[in-house]
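These notes open a run of structures that come right after.
Look for subunit A in each of the two complexes below; its partner is subunit B in the first and subunit C in the second.
Then we have the complex of A and B:
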């Protein structure tokens, strides 16, 4: 689309204004089908993403369902104050951040490495089989994943503990020992998600011009050299985009998974914001308090995305917007 | 998995419900008009129209089979609004926010009832206490249970009854017989039984692969609270020096924790019980690896037996509940006696006359004829009568589809509404039914059930977590008595003191 710009004339401002108004109308009319096409998307965002934000109001109220949003009493920052002054708040925030750190530093690189390895597999047949095998865990719910690991690591006849005893070691209480919670968490995340995470990287690897590899081979580059100098630079943009998106969900670790692993013995390391919202907020019908916590989480996420995006741009990358 | 935070989902719901208010506003205005028609109609003996909202515990809305019979028997025209139990709380809240609750509103359980107390105090529902005497059947409802459902001393609801104390032991009778053990008469014998089941190879396979007690990550409905009450711990709260104090400040609570610690340390119970779900605990028991299933409901013996004999065909189960404490006394903790309650919103029931007509419907529901229809279904189709008891048909799916939806809404219990008792075949189950009656004789009620504490409503659950965690840590030997008492102090500091104060103030009234 070419845009026609009319330089403003200092002599006849009134006439000009009406002229440019007409111009705008004309342009809208010319692109009318584009506007029609964007309408469904726009409506979707307005109805399902922006209007619901109205509900955030209740985090500043003592919300009572029978009084409705407008009828409930305003209490200002009470629920936020309560959250920040909760004795466990710092601990819960730390646990959330640590799990998030594990996600970023341990889980995040794994799909990339896996994708690079898959890419090196020769022969479409094996490649497909391996890919499918890696995807399957993604389709199991967390309940199943956690149950499977429960059966494997329980002290009452779990196979891992039986093996430990067989090789002359002591039994390990994986389920109740706080220091085993984080390893179990991240192993389960990797097992379930790593294969699925490779999809997008494999797609972008497939888009690389084969000529580049040919040229590199001519220059005598080995497999590793090719990966290092061609494949990785080519998918760098995708990696950074996904990284920024991941940062956005900084405090959003998936309630279900952690809640299933949580018990009285490992609460000090396992209670995260999501599970806290459930016990303190929803189980007791404290909608305002829960909403306040959710609000807090979203703001942190927003700030993180903007910060990382800015850093990425400073480093000369594209960023997400 | 990227799960949107609860609050956002909630916000979506709320907004949608607010948006819908505008639409449903018109209906609200129309509602009194229909009500008026119904009232006029009632004068000429036309059927009374009643709208009923209730949770549904099956996947499908039941067909009209039962409803049609019910309408004939009670001369009503009923509109049942079934909503799935999983999301029933949301439905309650959003209907409430848009004041579109129907004339008869069932809650979901005790928890939703506690949440609704604010609204009840706010005058959103009819007080029915003063009218009950006018209805011969409704006035049969048990006063002690009605008392537990009172809000600020006034009665607003009818209750759906549940046996007061269903908990006890379900154990492997074949193992006990083989080892020459009888049902444990006191907590020491219980410990001995767990020990014998673990160490003396009761399944006779020459491998030490059995456990005594199987328990799960649940202090109330698992084994802990039941054994605790045998030790003499008060039910939730107890009187000490003329004051109500929480159960965990009593010595008996500590004794119970020591009992569990000893069981675990010696390997007489499953080692991971703090992380074992109910499903996993049941699986351990029904696979024939454990001998004692404690807590829960003794009536579960039917389903446990069914699954167990699939794995161990010659297993025999039995129930038991009379276990004396160290001082030789019997005790059983009791629930407040109701499973759910039904309320009558002022927004939908416009005047006293209409309320009385609705209560008259419930009065009829409490006759044996109607309650049998709703609880058991149609005689000859869904059940048959044997020895004056109801024996459900073998077609479980038919009952599930056509009867279950109504079954959970029957007011009162067999003693008050005169419906048939179940016809049981399994000896352990028959014994369980006898034990239920025995349990009540030594039953210990929770003195705070009819009392109110604002702090408890606000953060009781959150605070209880501190005690629950500390209890498990003590049983696993991670903290000692001093450490446990420190956690109790922590509980008090963070709001417990206020709860004690508020309950005692309400108790003295």
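Then we have the complex of A and C:
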């Protein structure tokens, strides 16, 4: 029998390991109440956020509620193939991207400009009053915002149409005319969010060293030059961060707002991915197909955030994470 | 900053002020129009077009909407969901945020990542609906609260706030025989009132504005919160055809009545607004710090 050579055991490290294992155990026991505190929250995230992620597998099945996830038939990529071959879906994707474009090119710069204007206001009294007024719409639900605009633009007795008639124009059916859907959508977005959007910019402007302005004035810079050479460069990081977040929500325009504006007359331009998922999924019972659409949307969002974040970092900015 | 007294400087200031004043006015005018319109008669509204202060006062619209108990019931649902929901959400959020704020907790990084990841990727509407359905929450008031009980964003804001509280305070309380629950409720929470107030406001506004979860999870119209009722009365009656739901036999309500319902659905927020306003600006800044 061959002699078994036992390698010299690393006694010291082993002891250390068991010691630190004990140490961890002790730490866990000492923090047991903290784990109790985290448990309900963790359970919430597992049930309502991670279980639905598991539920995404029904997009590879022909899901039948009666059979459940485990009992339904697998169909591979069928629903995803359908997605890209159905003209309906391509139209919906286009609608979604157009609204996203409006958000990026029209809405996005407005809070920045508003914040710069508010910052240039002398005297805190008016600054505070204007801010308070501008914040209010953010606290109104989309239902309220849409309702207010509807009573204003309705054909019978809406103030806007009355004004149009007063100035000698024709009445416009804003609600049913598809070409008014996009303008109404973006005006409502601006009305509700532009004021609130200034908060974060104002906060970062407040952090700018006043000495910089002092120096610029010494060099003879006027108000506009100070804004251009000091304020805007100072808030560049915040602008980029918010831009990344906005890009990440590319297909996530908010179900509520669009759903409220949607009707059978403007469906051609107003149907977006979110509303389509609702109609196809919950109204028509095409669970698997609409889950596939939602899955597609989530993945695009994730990819966009990661990509834009990477680009921002390459450009020497901080990025979101 | 020193006042710029040159001509250019003054012109700039004047133009800037005027533009902002106009923008602020545009922001509030639609709502003032609706409030004023709700307090006048339909005839007067039709005649005077744009009213800021009604010439003829009338409470007819309010009498009408409160003559049946539909609005009362919906208000009751909204108030109840807002109060209970805000409390439940705040409680769960504070517990989790405090636990995760403690740096010596093993595994906090994993849990943190799990929370942040849900902000980047999610299962979407249908799989979430199926989970809610499996749990038997469809058509219960709980479905308006539990599926959205914790906002990852709010939790992270609060966690960051807790992290800035000096650890020494907690250590000394521990030596005095306090356990973690005691530290949270007796020391950390009282020190965090601005953050708690802000996030409570965020939750309360969200619950008051609950609409999407209601149309997803409630089939029974008797359980509708005020926002869903508002949509039925104003949006669907304004020449929109979402098919189904609205009874075609009922004539569309008067402008004044629609306006009154809008006011009723907005009022609670407008009432809290002045009290909490100073908090939320600060709170939003907290939120803008990186997690």
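For this structure, a couple of remarks:
We adopt the following convention: the second predicted complex is superposed on the first by the 266 of 321 C-alpha atoms of A that agree within 3 Å, B and C clash if a C-alpha of one lies under 4 Å from a C-alpha of the other, contacts with A are read in each partner's own complex, and residues count from 1 in each chain.
In this section, a residue touches a chain if its C-beta (ideal position, glycine included) is under 8 Å from a C-beta of that chain, and two chains touch if they have at least 3 such contacts.
Because the structure is a prediction, the values reported are computed rather than measured.
When both complexes are overlaid on subunit A, subunit B and subunit C end up clashing with each other.
When the two structures are aligned on the shared chain, A:114 is found in touch with subunit C, with no touch to subunit B.
Residue contacts after overlaying the shared chain place A:249 against subunit B, while subunit C stays out of touching range. Looking at the shared chain after the overlay, A:149 reaches subunit C, while subunit B stays out of its contact range. Of the two partner chains, subunit B and subunit C are each touched by A:56. A count of residues in subunit A touched by subunit B and by subunit C gives the higher number to C.
Contact with subunit B, but none with subunit C, is seen for A:267 once the two complexes are overlaid on the shared chain. Once the two complexes are overlaid on the shared chain, A:24 sits against subunit C while remaining clear of subunit B. Applying the stated contact rule after C-alpha superposition, one finds that A:173 touches each of subunit B and subunit C.
Applying the stated contact rule after C-alpha superposition, one finds that A:279 touches subunit B and leaves subunit C untouched.
By the document's definition of touching, both partners, subunit B and subunit C, reach A:157. One listed stretch of subunit B collides with subunit C once both complexes sit on chain A; from 201-209, 237-245, 255-263 or 273-281, that stretch is 273-281. Residues 48, 51-56, 58, 65, 142, 147, 150, 154-155, 157, 173, 175-176, 255-256, 263-264, 274, 277-278, 281-282, 287, 290-291, 294-295, 297-298 of subunit A lie at the contact with subunit B in one complex and at the contact with subunit C in the other. Across the complex, subunit A meets subunit C through its residues 24, 27-28, 31, 33-35, 37-38, 40-42, 44-45, 47-56, 58, 65, 114, 117-118, 120-122, 126, 129-137, 139-144, 146-152, 154-155, 157-159, 162-163, 166, 173, 175-176, 191, 195, 199-200, 203-204, 210, 213, 217, 222-224, 238, 248, 255-256, 259-260, 262-264, 274, 277-278, 281-282, 287, 290-291, 294-295, 297-299, 301-302, 305, 320-321.
Listed in rising order, the residues of subunit B touching subunit A in the complex are 1-3, 5-8, 10-15, 18-19, 21, 89, 92-94, 96-99, 111, 115, 118-119, 122, 124, 209, 211, 217, 270-272, 274-277, 280, 284, 289, 457-462, 465, 468-469, 471-473, 476, 478, 494. Considering their complex, residues 48, 51-56, 58-59, 64-69, 87, 142, 147, 150, 154-157, 173, 175-176, 249, 252, 254-257, 263-265, 267, 274, 277-287, 290-291, 293-295, 297-298 of subunit A touch subunit B.
Considering their complex, residues 1-4, 8-9, 12-13, 16-17, 19-21, 23-24, 27-28, 30-31, 33-34, 37, 45-46, 49-50, 92-93, 95-96, 98-100, 102, 104-106, 111, 114-116, 118, 120-132, 135, 146-150, 152, 155, 179-181, 184, 205, 208-209, 211-212, 216, 227-228, 230-231, 234-235, 238-243, 255, 258-259, 261-262, 265-266, 269-270, 273, 277, 280-281, 284-285, 288, 290 of subunit C touch subunit A.
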